[in-house]
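Shared between the two complexes below is chain A, which pairs with chain B and chain C, respectively.
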Partner chain A sequence: MIATLAYLALGLLLLPALAPLLAFLKDGRAGRKAFLTAIGIAALLLTALAAYVLYTGTQLLLPLYDLAPGLGLTLLVDRLSAFFILIIAVVAFAVAIYSAGYVEHLKSPVRKNLLIALMSIFVLSMVLVISAKGMVGFLFSWELMSLASFLLVNFEYEKKGTRKAGLYYLAMTQLSTVFLIAATGVIYAQTGSFDLQRVAFSSPFWASLAFLFAFLGFGIKAGIVPFHKWLPYAHPAAPSNISALMSGLMIKVAIYGLVRFLLTVLPPGPVWWGILLLTAGTVSAILGVIYALKEHDLKRLLAYHSIENIGIIVMGLGLFEIFSAAGLHAVALLALGGALFHTLNHALFKSLLFLTSGSVLNATKTMNIERMGGLSARMPGTAALFLIGAVSISALPPFNGFVSELMLFEAFFQAYLLASPYLQMLLVIAFSVFALTSALAAACFVKAYGVVFLGVPRSKEAKEAKEAPRSMLAGPAVLAALCIVLGLFSFQLFAIAGFSFPVPDLLVVGLLLLAVYALTAFALRNVGKRRTCETWSCGYPSAGSVAEYTASGFSEPIIRIFDAIFLPKLTVEREYHDGQKALFKRGTAEMRLMRFFEEYLYDPVARAVEKAAAFVARLQDVDLDLYVAYIFVSALLLIIVARFLI
Partner chain B sequence: MIDPVFALDLIKILLVLIVLSAALIITRRDFIALTSLYAAQSFLIVLLSVGLFAIDRNPLLLIIAAITLLSKVVIIPFILTKVQRRLKMKREIEFSHLSPIGAILLAVVAFFFIYALFSGILSGLDKGVLSTVVSLAICLVFMGLIIIFTRKQTITNVIGYLTMENGVLLFSLFVAELSLLIEVLILLDLIMLIVLVALMAFGIDSSIEEFHSQLNVLDRWLGREQR
Partner chain C sequence: MNWLFALYFVLNTAVAVALAPLLMGVVKKVKAWAQGRRGQPLLQPYYNLAKLLRKETVVSSNASWVTRATPYLSISVLIVATLSVPLLFLPGKTSAFGNVILFFYLLALANFFMALTGLDGGSTFGGMGSSREMSLSAILEPLVLLTFLTLAFVFKTFDIFGIVGTTSQAGIFSVDPVLILLGAAFFVIIVAETARLPVDNPETHLELTMVHEAMVLEHSGKHLALMETAHAIKQLLLMALFINIFLPFGFATQPTAASVALSLLSFLAKSIILAAAIGLFESSVAKLRLYRVPGFYAVGTFLVVLTIILEVFR
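Right after this comes the complex of A and B.
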């Protein structure tokens, strides 16, 4: 019965791949709605399935297809997979509703159909990755996911910068696959099996090698610093509903891979695994939020926050490894619980934020927040939904983001239990950075919400913006409701799932907060003299949008504090009329923030690859005789190697 | 009929002679000798098939012998001779990458490694002649490769390819399915014949690279003709 349900859900997810056929109809709107409904129903079925597995703890084995003898695509849903399937299903459901309105904004019908088809394949591939039983199925679905998302990033390929983003993304995603294949190779060499089960490594070296490959492979895909550069390019380039899927779900699939390897494939690791994860996570979290602060492109700002939140999740995994290695299993479980809960929460509020920013983009035709403003009056529904997302991501009680970050903070508090003083010191430093990250994230969303939705419009487009259609409000509303529910009822939900984490009952806290807010609002309305003026105009009568606090102005003090990280670079070029450089002709001066990782990591690597390519090209550009000689030499080498191997 | 033990000894002698012929092809410069050596090598393979027939009694072996005799001993050498006459060249003067002495030394090295590998793998299997045959056949393929990349003239390259093909034929006589082999054999010979006929028709009188530039009509229009 349950298995039939699962097959039905997968079939329904595959069905919209036929959407391009709608091009043969005169008006495919009804067809598109039907296909999106199929995705929605599939998502609901998957939610039910995941909830069942999560609650009962049963394992579900679903044979799918045999690629070759011994290389079967078989699905296995256990509690971990079910948790991630739940995340995918919930977000996909909301995105399907949102897309019903969003897709119709696209100009060509062919594009509309194609977007739905690719979207369904993308969601299906993510479900397949998460429920793959063996590495072959995992890598197959992983590649399917990469290709589907590559096509989606390139969806608006005629726009400036999109193709670059697409290629950048493709290169990075393939690099991640290379590392995953290497990890698979190590595991296969040790066990002779592709199954994702506990591997008995012949020596700790092989276990650590497999861990490193997995960390690099999943780290690139998750956007951990310094492998993050593709993320702020690719996520904003895709259509907004896809950005929500990519930022909300796809990078979580990488987190799933990492958790799967740490929990069920690799043996309990040495403490340095945890240190590596914690350090990478901390650096990602703080740099992500600092980069987000200076960003004025709304979708790119959100993309940088994805790096920050992935950093927080990886920090939790690092803590899990460190405490596990120290034998402190209760604290380790708290850290893991925090990391996984934050994964769910981030999927919810980040998708919510991307979807609502998509509505803003549709209404204002710009992503530059300096050209927005005053949208809360014009798009009240979208503004309220965005606010819920912003408050959740800023980890304010009683929303869900608060609970997961609190759990991680509580795990950090247990640092004193560790024996090594160095480890304690590391945890205290990471803890402080984490606290700073949370504060900066809140500051960043004050900027984002304040500049986009409050004040007066700063452009004609913002002035004429209209509220999004109903479906584009209903989709995000589902996510917003879940953000609130998961926050308020977190204590009860953990109890149902069978965990007793030391989190406060936020239902009580929430009610108290509500009472305080109500009292404050009442007091402000009825006590003392009131003067109404516009936000950001500092109490003065309105002087129009030019007198407003801008996004640059808001973030300037913070950017000044982190000057050392942004590294502004000044380039001046001058031309003179004479050789003595006395008579100035013309000149240009440019001040920009240094792209540290690009200039010091990516570009050198790219140059090295180009050099290697030039060498290979020299080998290639020869006459026929030399080609035959190459064949001769390679065949002979093969024979010599075979001689020593056999 | 011949005694099987004698036939086996005969086969071994024939195998050595075949490799010897390939070694001679690597070192000789004059085209007439090269063609004759190729014909002789093919004839040795014909004899080998007949010898094998004495042991196996498989009529397909006789068919293979007949096809080889007709195509490789008579027709192809005949056409090769015709081409040479038309080209008015008698000796190969230039070599690429390696001189004939270097080439034969390389062949010896290759032979050593191939024999070391296959005698190790196959010595446990059957009557002992198999490992020798496999090594020699693969060695013949390698020698054909050496001929191709050390010679500049297209006609010698063709002989290199033909030597490789003889290696494959030798290998398959002992290892592969015979009925399939006949089909492959006819196909390969047809390809060779087409190449040779093309040589005659277009008059490739030097290397393939130079012939390419002749084919490039655009270059001629633009006045960038290389020849």
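Right after this comes the complex of A and C.
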């Protein structure tokens, strides 16, 4: 019964792959609605299944297809998989609703159908990765996921920069697969099996090697600094509903892989695994948010925040490893719980933010926040939903982002339990960086919400913006409601799940807030007169948006404070009327921020690869005689090598 | 929810709301004395609030619902935050309050919305204030949380009730001498969080110096009254944390009528002395340039890091 439902859900997810056939119909609108409904129903079924597995703890074994004897695509859903399937299903459900309105904005019907087809394959592939029983199925679905998302990143290929983003993404995602294949190789060499089960390593060296390969493979895909550079290119280039899936879900699939390896494949590791994870997470978190602060492309800003939040999750996993290695299992569990809960929360609010910014993009035709403003009056629903996402991602109570960050803070607070003083100091440093990250995220979202939705419109397009259609509000509303519910009821939910984390009861806090708010508003409702009036601008006639604070102005103090990281270069050119340089005629000033990783890591590597490629190309571009010589030499070498092997 | 907690709820909130403007007045009075003036009456903040409630509330035509809701939200958040800081006695174990992170993130929630209202009116000043406030509070955050991480090293708990429970049993500084260093760092936090000199100047409306005042510039009438009360409560709560952790003598260890009354008197005396100290400190320093403020925070951070190193390697 349960298995049948699972097959049904997977089938329903595969069904919309037929969407391109709708091109033969005159008006495919109804057909598209039907296919999106199929995705929605499949998502609901998967949610129910995942909840069932999570609650009962049963394991679900679903054979799919045998590639070859012993290389079967078999699905195995345990509680860890079920948790991630739950995340995917919930977000996919909201995105399916949103897409009903969003897809119709695209110009050609072929594109509309194609987007739905690719979207369903993308979601399906993520579900398959997470429920794969062995590494073969895992890698197969992983590549399917990478290819589907590569096509989706390139979806608007005629736009400037999209193809570069696509190539960047393809190169990095393939690199990640290389490391995963290496990890698989190590595991196969040790056990002779591809199954994702506890591996008994012959020596700690092989375990650490497998861990390193897995960390690199999943780290690249998750966007951990310094492997993050593809993420702020690729996620914003995709259509907005896909950005939500990529930032909300796909990088979480990488987190799933990491957690799967740490929990069920690799043995309990030495403490340096945890130190590596904690350091990588901390660096990603702080750099992600600092780069987000200077970003004025709304979707790219959100993409940088994904790097930040992935960093926070990886920090939690690092804490889990460190406390586990020290035998402090209660704190380790708290850190792991925080990391996993943050994974769920980030999926919810990041998808929410990407979906609502997609609505903003559709309404204003720009992603530059310097050309927005005043959208709260024009798109009140979208604005309110974005605000809920902004408050959640800024980790403010009583919403969900607060709870998961609180759990990680509490794990840090128990650093005094660790034996080694050096480890304690490491945690202290990571803790203070985490505190800074969290506060900077709030600053960034004051900027994002304030500049986009408040104040006066800064362009004609922003002035004429219209509210998004109903489905594009309903989809994000599901996520927003979950952000609030998971925050308010976190205490109760953990109690039901059987965990006793030291989390404050936010339901009490929330209800009290509401009560005091209502009481104050009621008590003061008739006090004093009220008047609406233009903003005072020092007696000048209304300057409109010119007098308004810009996004660049807003983040300027932070850029100045962190100039060691941004390394801003200020170039000022002035022209004067006279030789004494007293009368200023005109001038330009430009501030350029250094792109450290691109200039010092990616570009050198890319140049080296190009050089190697040029060398190889020289070998290739020759006449037939030389090719025959190549074959002769290769055959000779093979014979010699074979002689030693046999 | 038991009777003790209900009593705690009523008393704690009432004391916080009633005393908060007085402490504002004390700081102002001491500053006036330091400048050789007679200064305003001690109760002037109360008169100001009463006056503001009668005045017209003007809202910018650019403003969204955020500007209208934030004053009420600020006061609600601060009143709920009050429950995490025991002023007179401890209510016993609760599932919702006393968590350090919850307390400071509630303050951050109020700050977040206040900064949004700065941008809501579409004026230059408001945006400037929000930008500066969010930047400065972001770099203050590590200092605040590090202070409590160090307290967790000392007290083996990160619960405010737990910390106060330990300190109130002990005499002056008998818990640990490192608390002197932490107390100095915490003083920096109070000065910074309550927008006082040398970080911010509460007296001025000059665009070069103002941070907090710029954000609330567009508020008037009852909205301004609520924002100012919320700000005063925030100051009182931070001072109360300082008092209960670093100068805990007199704090009621049992919730009996006599000891609670004594606790109220001692809190009143200590908070007035602390407010006077803050006033004197403000009078003795000059406003720092905006980009010099991180250096001031660094002084506090240095003290905390020193304490941590002492604790970790002892």
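The criterion applied here is as follows: the second predicted complex is superposed on the first by the 594 of 646 C-alpha atoms of A that agree within 3 Å, B and C clash if a C-alpha of one lies under 4 Å from a C-alpha of the other, contacts with A are read in each partner's own complex, and residues count from 1 in each chain.
Please note the rule applied: a residue touches a chain if its C-beta (ideal position, glycine included) is under 8 Å from a C-beta of that chain, and two chains touch if they have at least 3 such contacts.
If you're wondering where the values come from, they're calculated on a predicted model, not measured in any experiment.
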Q. Chain B or chain C: which reaches more residues on chain A?
A. C
(Q) Is A:Leu601 touching anything from chain B or chain C once the two structures are fitted on A? First, second, both or neither. (A) neither
Q: Go through the superposed model and pick first if A:Ile631 touches only chain B, second if only chain C, both, or neither.
A: first
(Q) For A:Arg643 in the superposed arrangement: first (chain B), second (chain C), both or neither? (A) first
Q: Give one of first, second, both or neither to describe whether A:Ala495 is in contact with chain B, with chain C, with both, or with none.
A: neither
Q. Is A:Ala189 touching the first partner chain B, the second partner chain C, both, or neither of them?
A. neither
Q. If you stack the two complexes on chain A, which partner ends up touching A:Val609: first (chain B), second (chain C), both, or neither?
A. neither
Q) In the superposed arrangement, which partner chain does A:Phe554 touch: chain B (first), chain C (second), both, or neither? A) second
(Q) Taking the superposition on A as described, I'd like to know which of chain B and chain C A:Arg530 touches: first, second, both or neither. (A) second
Q: Under the touch definition given earlier, write down the residues of chain A that touch chain B in their complex.
A: 623-626, 628-629, 631-632, 635-636, 639-640, 642-643, 646
**Q.** chain A-touching residues of chain B, taken from the complex the two chains share
**A.** 96-97, 109-110, 113-114, 116-117, 120-121, 142, 145-146, 148-152, 207-209
Q | Of chain A, residues touching chain C in the complex | A | 373-374, 376-377, 383, 387, 391, 394-397, 402, 405-406, 409-410, 412-416, 421, 424-425, 428, 431-433, 435-436, 438-440, 442-443, 445-447, 449-451, 453-456, 491, 502, 504-506, 508-509, 512-514, 516-517, 520-521, 524, 527-537, 545, 547-550, 553-558, 560-561
Q: Please name which positions on chain C make contact with chain A in the complex.
A: 53-62, 64-66, 72-73, 75-77, 79-80, 83, 95-102, 105-106, 108-109, 111-112, 115-116, 118-124, 126-128, 130-132, 134-142, 144-146, 148-149, 152-153, 156, 158, 218, 221-222, 226, 290-291, 294, 308-309, 311-313
